[in-house]
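The structures come next, written out as structure tokens.
Each of the next two complexes has subunit A plus one more chain, namely subunit B in the first and subunit C in the second.
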Partner chain A sequence: MIDVLRAALRLPSAKIAVGILIVIAFLAIFGPLVAPFDPYAQNSKDLLQGPTLEHWLGTDDLGRDVFSRLLAGSTVSVLAAMQSVVVGLVLGALPGLLSVYLGRTFEWITLRIMDSFITLPFLVFAIAMTALLGNGLTQAMVAVGILIAPAFYRVTRAAALTVSHSQYVEAAQLFGATTAWVVRKHVWKKVFPAIAVTTASMTGASLVIVSSLTFLGIGIVPPEPTWGGLLATDLGNLYQRPFGPVVPALVIIGTVWALNALADALKDATTDAGAPPVSKQKRRELQAVPHGA
Partner chain B sequence: MTTDTIARRQPPVVTPADPAISADAAASTRPATPVRARADAWHHVRGVLLWLVRTVLIVVPVFLFSTFITFLLGAASGLNPAATLAGDSATPEMIAQLNAQYGLDKPIVLQYLDWIGGVVTGDLGTSWFNHTSVAELIGQRLAISASIAGFALIIGIVFGTLLGLVAAVNQGRFVDRAITAVASFMSTLPPFVVSIGLIVVLSVWLHLLPSAGYVPPQQDFWRWLSLITMPAIALSLDTVAEIARQLRTGLVATLQENYVTGAVVRGLSRRRVLFGHALRNGAGPAVAILGMKIPTLLGGAVVTETIFSMPGFGMLSADSALRGDVPVVQGTLVVAIVLVLFFNIVVNVVLGGLRPASRRVR
Partner chain C sequence: MSELLEVDGVEVSYGRGRAERRILHGVSLSLAAGESVGLIGETGSGKTTLARTILGLTRLTAGSVRFDGETVSGLGARALRSFRRSGRLQYVFQDPLQSLDPDVTVRDSIGEGLRIRGGLTAPDVATRAEAALASVGLPADLLGRVPGQLSGGQRQRVAIARALALQPRLLLLDEPVSALDAANRIQVLDLLRTLGTDQGIAKLFISHDLGSVAGVTDRIAVLFRGDIVEVGSTRDIIARPQHPYTRLLVGSATTLTGGGVDRERRRELRQALADHG
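Let's turn to the complex of A and B:
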């Protein structure tokens, strides 16, 4: 695991990505504490201000300090994305692994369930489920978790399938290895990196969905500050503060980009690590294999 | 979430599309005798039938299960027409009477069967709010979403194909790396961020395009076009990036195949090799992505529609969900599910048609 991480971090883009993620993690943990103003405090004297020394990112239409709201909103935005990934991981990876071992009926049923999850329209379903079931953060997280579960199911199942049909696993079984032992010893080594890559990219995806939901005022209800909610407020005041959305948008884009870059670096590192060194020409040929064709 | 298991499942065994190709292959591999031809025809029909059976066996359970999830949402919400209409002032008798009227006093499975029976015949129920038929409501809104999605799709196909082609032809050079980098950046941009950016630049600063509203094309075509331009661009970025990336991957792989080298050796022009030979086989992944994107573009535009104040399909669903209008929400979800399944089947058929005859399983 360590060598994979080290290999992944050799890429400059991965270094930048980890840097960004550390900053975001700091914001999420300490943001509400270091916020210079009360994120809920309204001030009718300073409405819709531009950036000043006092208010770094200006104030919104109720005179609230935007910088403080951005900091205070970090925790819930990041946590919501991470929690929905955990839901997706449990709902997807576990059946994905078991589908390889629990026989064809279980396999068929889980495949059809995942197909059904995929046919659910992404944002519409998240909105419908959250709004109909009480408009809370928990409902939103479960909805997003259901939507991203098929991604986890697919990669886990694919990784487990390739290992369980490999010769060294067959050899181990001939020597009397139990399924549990094979899973712990061999399958896990292939499945874990695949899950790590998917976790990174799905955290980015669910951050976008959670931001979209909060942008619409669903799941987390205003005045509680969120990244998406900040953008919604800015949208109403574009003519007075056209620069308003820039920083919240950059924070969202930066985080999503960092997560995707990290996923790419991890993917490269896990496919390269442990394999014999290949020439540039050979690697290009290997990469040229079309996905899903 | 770009490819999915439905798309990844192998395309149909033998497809009815493109008789020219299969005839070609048959002629080149074996002598055409009447017996052979009859056997081939039977083989063909059996392949199509097998594919149909297999598709039905997958699509029907998936349809039933995903609609059941949709239905359960309504049942689990505990909402009922009386509470939705009258709020807290609803009396228990009123609730019971309206529940009976809407069939909500029956067991859930029976309710589901009633509802899905209606869905199959095109009856999506009536709204709890204004007693309009849900199918009619969706029909009105779908035109708006279709305008945006259609325009976004055109942008996506044109620019995605262009970028993908240029990148594949210049594989490994600066242009290729630049396009790949731009594409991967574009796909990280959430539509609502792009929408706000477009409004700031094109409406607030340059006063080029109106920032919100909708007019039907019959009423004022140019106004309609100017209104749908920004939402379409915002929605299309992801499609542009995805098509460019998949087309590049597919084409790069195809351009390394022996038959392409053969065509080059025989002295065919680069253009002819690219468009006549490679594109057909390299387009597979891009076509698959396209099929996945169409339903997303139609149903997933909730945020974009809200930003540009376009009363489309997505907004109908979101508004109804917030109001607690369960039948409308269920109706929009079912329509979206049907769209996804429909385009999945279309993609499979098209992919089967694109596949070289030699690789079809016989």
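Let's turn to the complex of A and C:
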């Protein structure tokens, strides 16, 4: 497990990704505290200003400091994405693992439930859920979590299935091991990298959905700041502030890129687990050696 | 010698109705404590199915398996687990690369059975693991390695050490040398020849290669198409094979006949087998 993480962090892209994610995590935790202005404070004298020394990213149509709103919006955006991933993990990974061990009835039922989840479109289902349960980001993100659960389910189940039929698991069973022992000692280690990769890529996907929903004004009650909400406000004032959507968009793109890069690095590390670290450059060199040389 | 393992009229079938395929047709075999028996047969004859049935991994359709006077076939999950935890019956898989967890060190692999059984402290488990590794002729500095850092022969020795750590009464070895190269095969066969003789460990050596089994066993049982067709002392089986299939096996084993019989003789033996069946 730690080997996989260590191997992943040897890749330069993973180092940059982790760097970005640490900054984003810092912003999500301390963003509202380090914001130079109150993100909700309106100022009718400073509407739609460009970047100044006082307001680094300018002000919006209500005179609020965009930089402060961006920092404050980090918490909501990141937390919402994580919320849906946690829901997806619990509803997907756990039944995925158990479906291999709890018998055919449980397996059949969970497979059918996941099949039906796959057919639902993300945004439409999330919008329907907020319409049904009230406009709140939690409701929307629980809906998204339900819809990403099949990805966790399938990945975990596939990894667990491969391991559960291996001879070393059979060997442990021949020693009298319980299912819990087998999962703890043999299955979990093999399943974890697959879950880690899915978690990273699904967090990125969730962040895009959070941003899309908040862009549409779903799941969020104004004036609460979010990255998607900022983008929507800035797009509305494109003539006055043409550069406005650039920074919120870059923050969203950067975070999603970092999560996907981390997922890729984890995937590479899982494939190469146990092998000595080889850089992409070195790998290309090795592949270029002609046969028989 | 009292019987340690009694396989009585074991039948195993796969599939149902018209798709039903009988793998074992009422196989009976017994093995005394401390005895070394070879089970020989061609691929698909049912050797591994018989081993898996003895271990309770494959369900039998008729017959029974008794171990140390206790019926072990048809045990419930809890009783079977309890029997397995006793460690009296141990299995060595064909390919150690598959049967050893690639992420688990030699120390933990050997100690796993002991930890599952319980009742030992961590230092005791480590000491037993080291002793088991020494008993198969491997140095203690391999304890911290994972299977990928060992040679094929070392891996199979680790798999044997893992079985020995539980001080079994019977060791079931399923083609233990067929996945190894010639040099490693000889080393492991040398080990198996003397293995457990002091402790009175019985061995059931399953193989398709008569040459490998001949030097390690006291008796040989020949399995052909799901039936035991011949049982006898290793010397008798090799010197005076009775069944046409055994004759073909002995004739084809180059290691026994010094180059094997010629093609014409093998054709005759195959014809005799076809006429018999």
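Everything below uses one rule, namely that the second predicted complex is superposed on the first by the 274 of 293 C-alpha atoms of A that agree within 3 Å, B and C clash if a C-alpha of one lies under 4 Å from a C-alpha of the other, contacts with A are read in each partner's own complex, and residues count from 1 in each chain.
Convention: contacts are C-beta pairs under 8 Å (C-beta built on N, C-alpha and C of every residue); 3 or more make two chains touch, one makes a residue touch a chain.
Bear in mind the structure is a predicted one, so any value in this text is a computation, not a measurement.
Of the two partner chains placed by superposition, only subunit B is touched by A:P150; subunit C is not.
By the touch criterion defined above, A:H186 reaches subunit C but does not reach subunit B.
Shared-chain residue A:L57: touches no atom of subunit B or subunit C. When the two structures are aligned on the shared chain, A:Q167 is found in touch with subunit C, with no touch to subunit B.
By the touch criterion stated above, A:F175 is placed in contact with subunit C alone, subunit B being left untouched.
Taking subunit A as the reference, the larger set of touched residues comes from B, when subunit B and subunit C are compared.
Within the superposed three-chain model, A:L27 lies out of touch with both subunit B and subunit C [touch as defined at top]. Residues 111-125, 127-135, 148, 150-151, 154, 204-205, 208, 211-212, 215-216, 218, 228, 231, 234-235, 238-239, 242, 245, 249, 252-253, 256-257, 260, 264, 284-285, 288-293 of subunit A are the ones that touch subunit B when the two sit in their complex.
The part of subunit A that touches subunit C in the complex is made up of residues 166-168, 170-178, 181, 185-186, 189-190, 273-274. Per the touch definition, subunit C reaches subunit A in the complex via residues 55, 57, 81-85, 87, 90-91, 93, 95, 98-104, 112-113, 116-117, 146, 148, 162, 166. Interface of subunit B with subunit A (complex): residues 1, 3-8, 58, 61-63, 65-66, 69-70, 73-74, 76-77, 79, 172, 184-185, 188-190, 192-193, 196-197, 199-200, 203-205, 211, 246, 249-250, 252-253, 256, 282, 284-285, 288, 295-296, 299-300, 302-303, 306-307, 314, 317-318, 321-322, 324, 326, 329, 332-333, 336-337, 340-341.
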